[in-house]
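All chains are identified by letter, namely A, B and C, in their written order; residue positions are counted from 1 within each chain.
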Amino acid sequence: MTAGSLKNQNPPGIWDAKMPQDVRVRRDPLVPVTRTSFLPERDADKTPILECIDLGITFGGLKAVDNFNVAIGRTEIAGLIGPNGAGKTTIFNLLTKVYQPTHGTILLDGKDIAAMSTAQINRAGIARTFQNIRLFHNQTVLDNVLIGLHNEMEYGMGSAILRLPGYWKAERIARERAMEYLSLFHLEGHAEELAGSLPYGAQRRLEIARALATNPSLLLLDEPAAGMNPSETAELMENIEKIRDTFHIAILLIEHDMSLVMNICEGIVVLNFGRIIAKGTPSDIRANPAVIEAYLGRKGAKTL
Amino acid sequence: MKFLAYLVSGISLGSIYAIIALGYTMVYGIAKMLNFAHGDVIMIGGYVSFLAAKNLGVPPLVSVLIAMAVCTVLGIVIEALAYRPLRSAPSLAVLITAIGVSYLLQNSALLIWGANPKAYTPVVSGTLQLFDGQLSISYISLLTVACCIVIMVALTLFTGRTKMGKAMRACSEDKGAAQLMGINVNRTISLTFAIGSALAAIAGALLCSFSPALMPTTGSMPGIKAFTAAVFGGIGSIPGAFLGGILLGVIEALARAYISTQLSNSIVFAVLIIVLLVRPAGLLGKYTQEKV
Amino acid sequence: MKKLSKGARSDLITYAAVILAFIVVSVLKSNGSLNRSQSGLLVPICCYIVMAVSLNLTVGILGDLSLGHAGFMSVGAFTGVITAMSLMNVIPSVWLRLTLAMIVGAFFAAVIGFLIGIPVLRLTGDYLAIVTLAFGEIIKELITCLLVGVDSEGLHIIFNVSGSKTANDLKLLEGGRVIIKGAQGATGTKTIASFTAGFILVMIALVIVQNLIRSRQGRAIMAVRDNRIAAESVGINVTRYKMMAFVTSAALAGAAGALFGLNYSNLAATKFDFNTSILVLVFVVLGGLGNIWGSIIATVVLYILPEALRGFANYRMLIYAIVLIVVMLATNNPVLKTYREELRAKFSRKDKKEAADT
């Protein structure tokens, strides 16, 4: 598997059929693209899907994240790595407005999302998973994905209560699509089970399926491989690439499993104490002394 | 001068709310439950001290001590039988059980002592005349305020300085961690209920000294008001309960005097709602956000 | 649909059981098997079923503890009574008046629910509970201050804050009647509520709540309950769906209140106090949170229980209290809980096996 190659040659048919490409056609760039970061070659001429400019947040005097500048290409798989407590999850929380940034700008597809709430940001195109899995535990696996499809269904409270034809049609289509998402993650056999009763790895996959169901253009994965065994991790890697290739979306992931990050990420950002200490391709990062120092300490960096 | 008189009666009424609220807040802080039976423990305390004074002929202070002893035991028994088995149950189940206990106490009192109001003899009588008799303050008011301040200070010292008090705070933060540190969680919770119920007995005697009609439902409304006071000040916080109680009493007394007798409770509750909107965790409460 | 889902099947069973119960009770009533006090319970039971089902929407489905549900019932009861009484000469049809009263009751309760919801739904947990309790008490006191009468000129309303005014201050013309007399509440109401109307209201409430639960709106409401942050992260507008559940619940309680109010010739606002809110909450919790069917059963059993215990006179409320505590302890006992779960697992396995065989 070569990292970064778009496998457009063999899309698994159903996705193209159900997900018309026009949904993802974006308008012309509003903001001139001038930045220091790089984008994969195929995305270079388009507006980056996400751009953070001088993003930062302060918790009672502590700069948890500071001067965070990053751009992510439309179909890029990017990695966000760093030691524990570096501020990686905080960045996800800033991007999804779980926290309000103290300063800086976030551009999603060229549009400023400063005024949006968490829910509006999701509708605008960012979906995420959580480090400590946040499923709707008491609901079935299928219902979890149906909740993800919430905004894809359109019928009002009146048709829901009176069970008008619009209700039945929307529900049928949503169920079919939900089953397709589940089958992508080999969960279709568990559709009627409670989400909370799934094994850990399956719960992580279900969370990704739920996030995908909201039809995002950028997917944020917070430690997707945590708690997975090597074979599950390998499968996850394939899945992440499959998601990108079939949905043509960008993925930003936080991960501690270096083999996963180095294998599938095209661009990597390394964070330490809330600041970016390195940006680049996997090979750049691997050779960067600052990164080695952050992970192993000064002494370790010398001996390497 | 009239205003001063209303203010004084508000502060003494507020002191009673504060004493009840202190019990409420301690129990809430540690057991994270709304103990709806707390108001009825007050009522039991009132009855016990009433009967002790009447049937045994003991002086008022002794009758209150007897009431405290009885209520302490009652509090521990209620906790052990009704609440302890539900330690890991959903909070709503505990709430309903507390309501059940409240009904149980009220109806037991109804069966034993009947529905007719009893005329409670105030713990102390007489009034203090100030400004050539323009302002009269009853001794019971003074006693109530004094009691309340003493109790507040004692509780603050107890939770802040003593080993048991520290154990109590540890349990209220994290029961599991407290247990791992060698704290006997069950005993600590029992102790909290014991203290709360003893305070309820004092509050019962003082409450009945103010409005001498003692009935099985005597404790309900003061219980709810004191609960409001605890939330008002920031539930789980001892100074908060004190502040909330006093403020509530003053607001109630002034509203009754100057706005409307009929709507005095509404005004109290309306102020509570406004405070909670501005400070979602009460006046002195800490607002904690869920970690993502 | 080729196969009904488990949820849809249990919905249908609920409807069928309620209809069956209605038929059985109607037959018993018509052949005189029910005595006066028993048939007097029928309308209140229907009202409380609607109350429990609607409160279950707030507490069980939305997951917010409300201790002031009786307040909405009160709003519905008094606006409903005013509607029915003031239209008495205009609309002769009892059914039409009753329907209008329930719609008006539901509407006003929904409006109040919306107004209360704005501050309340920003809070969580016990803080939300205390504020709903406070609102319930405020509504009760406000209605206690109300003087309402009707005559040929229309409605006369006095808000009696000082407590010094009486019904005479309404200055009603000849032939006018007083509808609400302050602390005494509604007096001289013409009772037009009927068991059939109660049954229809129960069915409507069931259709609304059950269909709502199994829709995208219902799933969104439950998502907010289960994990607010995750719900937001998948694009659900939390405030909107909280409000939807809260207002729907208030409206149903208002309709139930209107029916309840038109079942008694005299009704004071103090009837809808904190204890009534708690009574309904007990029905909901004992019936099972989120379990609509359970709410119905619990309401019927617990409403009849104190009546059935009338023979024990003073002991009945004591027994009721003990039953409440024992049931709570038993349903939350860890040993019994695991036993029950094992039993359920056994049954569901059997189900699956049968399904596989066919």
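By our rule, contacts are C-beta pairs under 8 Å (C-beta built on N, C-alpha and C of every residue); 3 or more make two chains touch, one makes a residue touch a chain.
Bear in mind the structure is a predicted one, so any value in this text is a computation, not a measurement.
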Chain of greatest Cα-centre distance to subunit A: B
Innermost chain, taking as reference the mean of every protein Cα atom displayed: C
Mean-CA-position distance for subunit C and subunit B (Å): 32
Whole-Å gap separating subunit A and subunit C, where each centre is the average of the chain's CA atoms: 44
Distance from the mean Cα position of subunit B to that of subunit A, given in whole angstrom: 51
Two or more partner chains touched - positions in subunit A: 98, 130
Contacts with two or more other chains, residues of subunit C listed in rising order: 229
Subunit B, residues touching no fewer than two other chains: 292
Subunit C - residues contacting subunit B, complex: 59, 65, 119, 122-123, 126-127, 129-131, 133-135, 137-138, 141-142, 144-145, 160-163, 228-229, 274, 278, 281-282, 285-286, 289, 314-315, 317-318, 320-322, 324-325, 328-329, 331-334
Residues on subunit A engaged by subunit C in the complex (per definition of touch): 96, 98, 117-120, 122-123, 127-128, 130, 134-139, 143, 146-148, 150-151, 153, 155, 157, 160-163, 167, 170-171, 174, 192, 210-211, 213-214
Subunit A partner contacts - residues on subunit C that touch it in the complex: 6, 207-208, 211-212, 215-220, 222-223, 226-227, 229-238, 244
Residues of subunit B that touch subunit C when the two form their complex: 28, 34, 82, 85-86, 88-90, 92-93, 95-97, 99-101, 103-104, 106-108, 110-111, 224, 227-228, 231, 235, 259-263, 265-266, 269-270, 272-273, 276-277, 280-282, 290, 292
